[in-house]
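Following this message is one structure expressed as structure tokens.
Letters A, B and C mark the chains in the order given here, with residues in each chain numbered from 1 onward.
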Amino acid sequence: MDVRKTLEAMGMTLPPPSPCNGRFVKVKYFGDHLLYVSGSGSETPFRDTYGKLGKDVSLQEGRAAAADTILNILTAIEEELGDLDRITSFVKLLVFVSSDPDFYDQPLVADGATELLVQIFGKEIGCPARSAIGVAVLPGNISVETECIVAFE
Amino acid sequence: MDVRKTLEAMGMTLPPPSPCNGRFVKVKYFGDHLLYVSGSGSETPFRDTYGKLGKDVSLQEGRAAAADTILNILTAIEEELGDLDRITSFVKLLVFVSSDPDFYDQPLVADGATELLVQIFGKEIGCPARSAIGVAVLPGNISVETECIVAFE
Amino acid sequence: MDVRKTLEAMGMTLPPPSPCNGRFVKVKYFGDHLLYVSGSGSETPFRDTYGKLGKDVSLQEGRAAAADTILNILTAIEEELGDLDRITSFVKLLVFVSSDPDFYDQPLVADGATELLVQIFGKEIGCPARSAIGVAVLPGNISVETECIVAFE
């Protein structure tokens, strides 16, 4: 697999690495060939999405914001591993969706993240276990935040 | 241990496998003999529970809904491993409780999930580390969603 | 490293072990030399913090509450491992901040937890991957709850 070529063919650009907004690291190794990737927001140099689903942000905008969290996650992993081709599995995504208490479509929002992963990495590597949750509010009023566990070699 | 016999003796029936409501897999392997089980809702063919604790749903109904998430989790694990007797540990449960902002008894709700695990699997295998959280809203307006890590052999 | 000496030099006291408030265990082993630590609240014999950030609780109080969750986590780990010097890595913190829907500074609250970890354990061991989330409400109306994954030897 050549993830960088796939991204190019899709016309996608990864955002540049950004500093941590707080006292933590973006990725940390654990167990045998596993990485925990910190909660990653939807802000990129290309697009910002702020506010709550069901109130300020449409489903379509929310899906795009969820995809943007994946771009930030890929940047963080590439910065650590040097090469996205080393990824062998997206194990688990926890997708937090900033939600009005009457918005019920968190899975459709989270699909924006996991559909992109499957497009880039294929089903076996890219399709993770997942939880999609409606939270009261996210840091900086972003619309979506995603954390994940990745296996690599 | 014979989990299927225990379930029969308890008069319990596992719901049939249901398709994923979104782009993800229900369980994914990671590390050495570990499974991540996706966030599982409380809807079964036997009972549905919708709405928020502290507003639409009683504590007793919430506890039952938490137990129902375990039934869905067991179905997903059995579908993957073929036999629930292969489970050696419920490592961690993260129980999301759809909550009115003034409802404080998330642990009592989550006990409905972990008490059932201990009844079925005994304390050593069935009693997990756990977090119980009050979230703004859950997919489809269900009352409880649970994700978990399971060890197997 | 001598964590107990470091804590003494910092003038810090760990709270005594407290019973589980619910049907779960405070820590559970998984994988190879990993511990999952259950969601730990901010109540200690020294201080309680109740209510939501952005409404009942100031940022400074929230940061202190986040630090208090770490004290409870350290007590739970020491009770299990016997010696905090056995910790080799704080892998991942998931920090739930009880938040008014208009409070956006969850990372600043969570810094109260991870800054304390880095003070005690140094950057390599103490600085984890992290997610900071604004939730609708937490058990018993506490302000912060933290769960974590720890590696040990």
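Please note the rule applied: contacts are C-beta pairs under 8 Å (C-beta built on N, C-alpha and C of every residue); 3 or more make two chains touch, one makes a residue touch a chain.
Note that the structure is a prediction, hence the values are computed from the model and not measured.
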Check your understanding: Quick one: how far do you have to rotate chain B to sit on chain C, C-alpha fit, nearest 5 degrees?
Key -> 120
Check your understanding: Taking all residue numbers at the chain A/chain C interface, are over half used by both copies (same) or under half (different)?
Key -> different
Practice item. Quick one: report the Å distance separating chain A from chain C, using the average Cα coordinate of each chain. Key: 25
Point to revise | Two or more partner chains touched - positions in chain C | key: 31-32, 94, 101, 135-136
Review point. How about chain C: which of its residues touch chain A in the complex?
Key: 31-32, 34, 89, 91-94, 99-108, 110-111, 114-115, 118, 127-136, 149, 151
Practice item. Flag every residue of chain B that touches chain A in the complex, lowest number first. Key: 21-32, 36-39, 52, 94, 96, 98, 101, 135-141, 145, 147
